[in-house]
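Lettered A, B, C, D and E in written order, each chain numbered from 1.
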Amino acid sequence: MTLPAINVKKLVKRFGTATVLQDIDLEVPEGKVSCLIGPSGSGKSTLLRCMAFLEESSEGMITVNGEALGFFENARGERERLPAAQIRAVRSQIGMVFQQFNLWPHMTALGNVSEALKTVHKVPKTEAEDRAMAQLKKVGLENRANHYPSQLSGGQQQRVAIARALTLSPKIMLFDEPTSALDPELTGEVLNVMRDLAAEGMTMVVVSHEIGFAATVGNQISFLDQGRLLFTGAPADVFAKPRHPRLEQFLDTYLDRGASMLV
Amino acid sequence: MTLPAINVKKLVKRFGTATVLQDIDLEVPEGKVSCLIGPSGSGKSTLLRCMAFLEESSEGMITVNGEALGFFENARGERERLPAAQIRAVRSQIGMVFQQFNLWPHMTALGNVSEALKTVHKVPKTEAEDRAMAQLKKVGLENRANHYPSQLSGGQQQRVAIARALTLSPKIMLFDEPTSALDPELTGEVLNVMRDLAAEGMTMVVVSHEIGFAATVGNQISFLDQGRLLFTGAPADVFAKPRHPRLEQFLDTYLDRGASMLV
Amino acid sequence: MIFDPNVILKHLPEIIQGTGVTLALWIAGMAFGIALGFLVATTRRYGGKATNVVLAIPVEILRGTPFLVQIFLVYYGGPFAGLSLGPIPCGLICLTVYSAAYYSEVFRAGFAAVPHGHVEAAECLGLSRVQIIRRILLPEMALIVLPPSVNLAVILLKESAVLSIITVPELTTTISAIGSQEYAFLEAIFLLAVIYWAIVEASAKLGRIAEARLSTFRFSAP
Amino acid sequence: EDVLAKVKAAGTLKVGTETAFAPFDYIDAGEHAGLNVDLFAEIGKELGVKIEWVALPWEGVLPGLEAGKFDVVAGPATITKARLERYRFTVPIAEATVAILKKAGAPISKPEDIAGKAVGVGKATAQLAQLTEFSATLPTKVDIREYPAFNDAYADMAAGRIVAVANSLPNIAFVAKQRNGAFEVVLPPFGKKTYFGFIGTKDADHASLVDAIDAALLKMKADGRMAKLQEKWFGQKFDTPDAVKDPAF
Amino acid sequence: MSFKLFFLLLKAAGWTLSISLVSILLGFALAIGLSAVLLSSKRLYRAPAELFISFFRGVPLLVQLLFIYNLLPFIGLNVPSVVAAIIGLTLCTAAYQAENLRGGFESVPRGLIEAADMAGFSVRQIFLRIKVPIAMRLTFPALVNEAIMILKSSSLVSVVGIVEVTKMAQDLASSTYLPIELFSSAALIYLVICWSIALIGRYTERALPGGVK
């Protein structure tokens, strides 16, 4: 077995006194699509945000391609924070796509995608914009480059957000419910872009209510409930013979409404 | 055939120069559940709002249990507005439930439900509250009577909204995407209340993305696209052999994702 | 009493000068106030909890007391504490500090109004804190802070009339002196009202133009 | 409509003044006090009315009189030619000749020594006019600072922003006495001999009222009450004329 | 500084408080009327209200007070000091509050009105039972702010002859030569009052039922 792209070990996350994640152990295989499912408030977003170091975990370790993210265990077995430069280096391997897109409203699509290249990597303007344009083309938006976010549909905005995350050539992409803020008819275009990415072998972690996507594209599905990881396995195992009663109950609420469609 | 509860004839609705509804003919059968489906922007909400006289149609006629709503055709065949009192009388047969619930935030659940009885119908306070309480009980919220909307979950708020519409004993209930502002896990409780209503023989018109609900509870399904009513029929006809190519395409986006769940 | 426009014409040079002093003090006080206020707001946001609380104290004191009392305290009390300032420096300093307190709150609200996700998106892409402030927060909140800033500017212009009480030779001082010198009280008060009103209307108009320019890229919030 | 009749009918005489002009009007530990308070108490007795005080900043006092906010102004104000054209003054109640009050220790021993120095004076006052005139006769001009009220000028002198204040002798004598040691009066007065009077309007309606106040003041002068009050507030009495028809300037 | 001086300041604070309070209440009543006019669809009705607001928001309160005190007598309205002070503060705050309320009325979500419409409410019932309470709730924080502003602005009413806290401190400072102590005490008194208003405001706001989300 190759090294996992992300390795989460004994992760605990507390907000104040509330424990939101409890002893999470998870291996995200390289080049595969891992999906996180679970009821609202179960900790999916928090786990994903820990992987992006947008939240600092309270205990445990996360490694990205073998390198520690944020914290490491020193010689005396204590948890210690890494220097900022090193955190930035590890983090640069990760791209994140948010539920609310979080495009910067004062920049055009092209501006959004090229910004980090220009400010962070000091790439000359024309080169940065060429590279940004290439990414926009990839998500099918080359003809929307000069539109501001407010002039784009939700699906288009989310695709710009994906292009933005891709420009820095991350090795891993994290998606937090990338389609749940979209109208049902607009989710398709975003899911297609994600399918393409998966086909190219991008390592992806996707929090999603789109069980259809999880079932068809996901290589691994993890089920979280009340801050605990109750199940991790192949999609077939999840849908074919749900073992854990809580998972069964969770899927019921979906299958009930999904299945009735075919009555 | 009995008189239809709502009869829409040659309805046209324009906003400025844009024609949003074009030649709509629709009969809503009494005691049955009619569902309106269609892509975003197709005019579903506008049609429903015309039935509630929240929008004034530009051409055509709507009758409610045989009585003209808003406009009538006079002796010379001209369209004429009815007097306000008459509009109010016809409209009082209709209850409306909105996507965003639209509960009044400064009143408790009980206040919301009893308000119209008290102010509009001058029912004494205690009687009004007794009747309101009975409605709250019906939607399973008798123990939440003194909560303000902000203290209720989305599903509970929507049930209060349904109770509010029911207190005035309408003959017809209109629902505009009653569950689409709710978390997936919370839609169930609202759909159950609607199922109960349907079982009691309430005439209902439901705009919904919940194709599962439409398929199992609906007696008639109408498909709108770009302001035109392309299809009206029984659910079995809609799902079994979609004829119209646009309808087929529309359903595909749902079925694709719904079906894959069972893969 | 009859309205005599000749009084105004006769003293036109002084009136123009007084207007100039008012405008200069107002604009300078505001410019320094905006700079200081921005500094306070960023320090409060990024300086940790303790700094935030410590800085809240002067801000709240300045916002909770009348400008007039602040001027009196500095102008008449200052010398007893070894701070002897002439009317104009005293006026300018008071106006600066007073506006800084209010502007810092405007900026704080501005920072808070930028969705946190926009900052997180920038963090994920490796932008540094300074880059995030400069490239994301500032331009994004410009539109949000513009209307309250214009409002505040108008309030400050009007507060600057209070400086007449410590003899700063600004508009109110000048015109009321002319009024008592010429026994032309009606003309004086009327003229004061008109000039202030004109400046306020002009700045409000400018503010609206700036807002329209800024919001071209944003038809509606996403 | 005759104002005297109106005042008598209402039973109150409204008097406008500024309360930052010791010893005529000032706030002593929160209470309005001064020569004016005592004088008007007597005038009130003579007229058989109560006195109602309206205290405003000096700039607001004369407009207030013209607007009819009160019947007469206590002030008092120096009787000058320009003012006589617009207002009617009562019988003089004190001398108003201008002198210099300096900060103790300041190198000023005679009025001319203020040349080139910062000197405070009330804005739009007769004292300002005299100081300006005096300054013009000196080799280097005086740096004249105008204040809304004389109290502000005294406060600034205490604060060290100015070294002297030009004001009428009775006022500065009182201030020097009050702030024993901090301020000193520079003698002799440099100004022309002038007098203080209360101010009324010239219109016919007010004539009877000002006449009645004049009569009351003359009566007090005759029976020694005026002199006693001057002693009380200035530490000396003044020899004032019964009327000033032709002021020095 | 003696306690006696502080006590005098406190007594003067009575004027500060009472004048501000009366002005806020009167101003609010006037503001409701003004905002109703502002929301009218007829330009002819709106214009005078807009002019009123533009004047009272565009001219310093100091000048407004002088205007009212010294110019009203020329049109035959000779008002005493207290009345002039209250009129000045009232008109000024009404202009600001009317704008706030207009904003509040405009941001009552349409859906809440439609829901009332569906239930058969009359226009008047919708205004009284739905719009007013919700608009009040929405503008409440702005209202509390405005109360604080007026309280601070009341330091200017000495120009029409009211001896409130600031003027008292000024008078006392000029006879006692204790400006630091007196003006600091005045500042303290204002702070205590303003913070109390803010605190009560926040408490009341939390106690008020449901804001619009």
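Rule of thumb we're sticking to: a residue touches a chain if its C-beta (ideal position, glycine included) is under 8 Å from a C-beta of that chain, and two chains touch if they have at least 3 such contacts.
Note that this is a predicted model, so its numbers are computed, not measured.
The minimum number of touch steps linking chain B to chain C comes to 2. Compared with chain C, the chain whose C-alpha mean position is the greatest distance off is B. Chain centres here are Cα means. That of chain B falls 45 Å from that of chain E.
One simple way to say how far apart two chains are is to compare their mean CA positions; for chain C and chain E this gives 21 Å. With centres taken as mean Cα positions, chain D sits 39 Å from chain C.
For chain D, the set of residues that touch two or more other chains comprises 63, 152, 155, 158. Within chain A, not a single residue touches two or more of the remaining chains. Taken residue by residue, chain E touches two or more other chains at 66, 70-71, 74, 173, 179, whereas all remaining positions touch fewer. Of all possible chain pairs, those that touch are A-B, A-C, B-E, C-D, C-E, D-E.
Those residues of chain C whose C-beta lies close enough to touch chain D in the complex are 1, 76, 78-80, 84, 86, 164-167, 176-177, 179-181, 183, 185.
On chain B, the positions that touch chain E within their shared complex are 52, 54, 88, 91-92, 94-96, 98, 100, 102-108, 115-116, 119-121, 148-150, 161, 164-165, 168.
Contact residues on chain C toward chain A in their complex (touch as defined above): 115, 117-118, 120-128, 131, 135-136, 139-140, 142, 217-222.
Put simply, chain D touches chain E in their complex at residues 19-20, 22, 26-30, 54-57, 60, 63-64, 67-69, 149, 151-152, 154-155, 158, 178-179. The touching residues of chain B, counted against chain A in their complex, run 39-40, 183-185, 187-188, 209-213, 215-216, 239, 250, 253-263.
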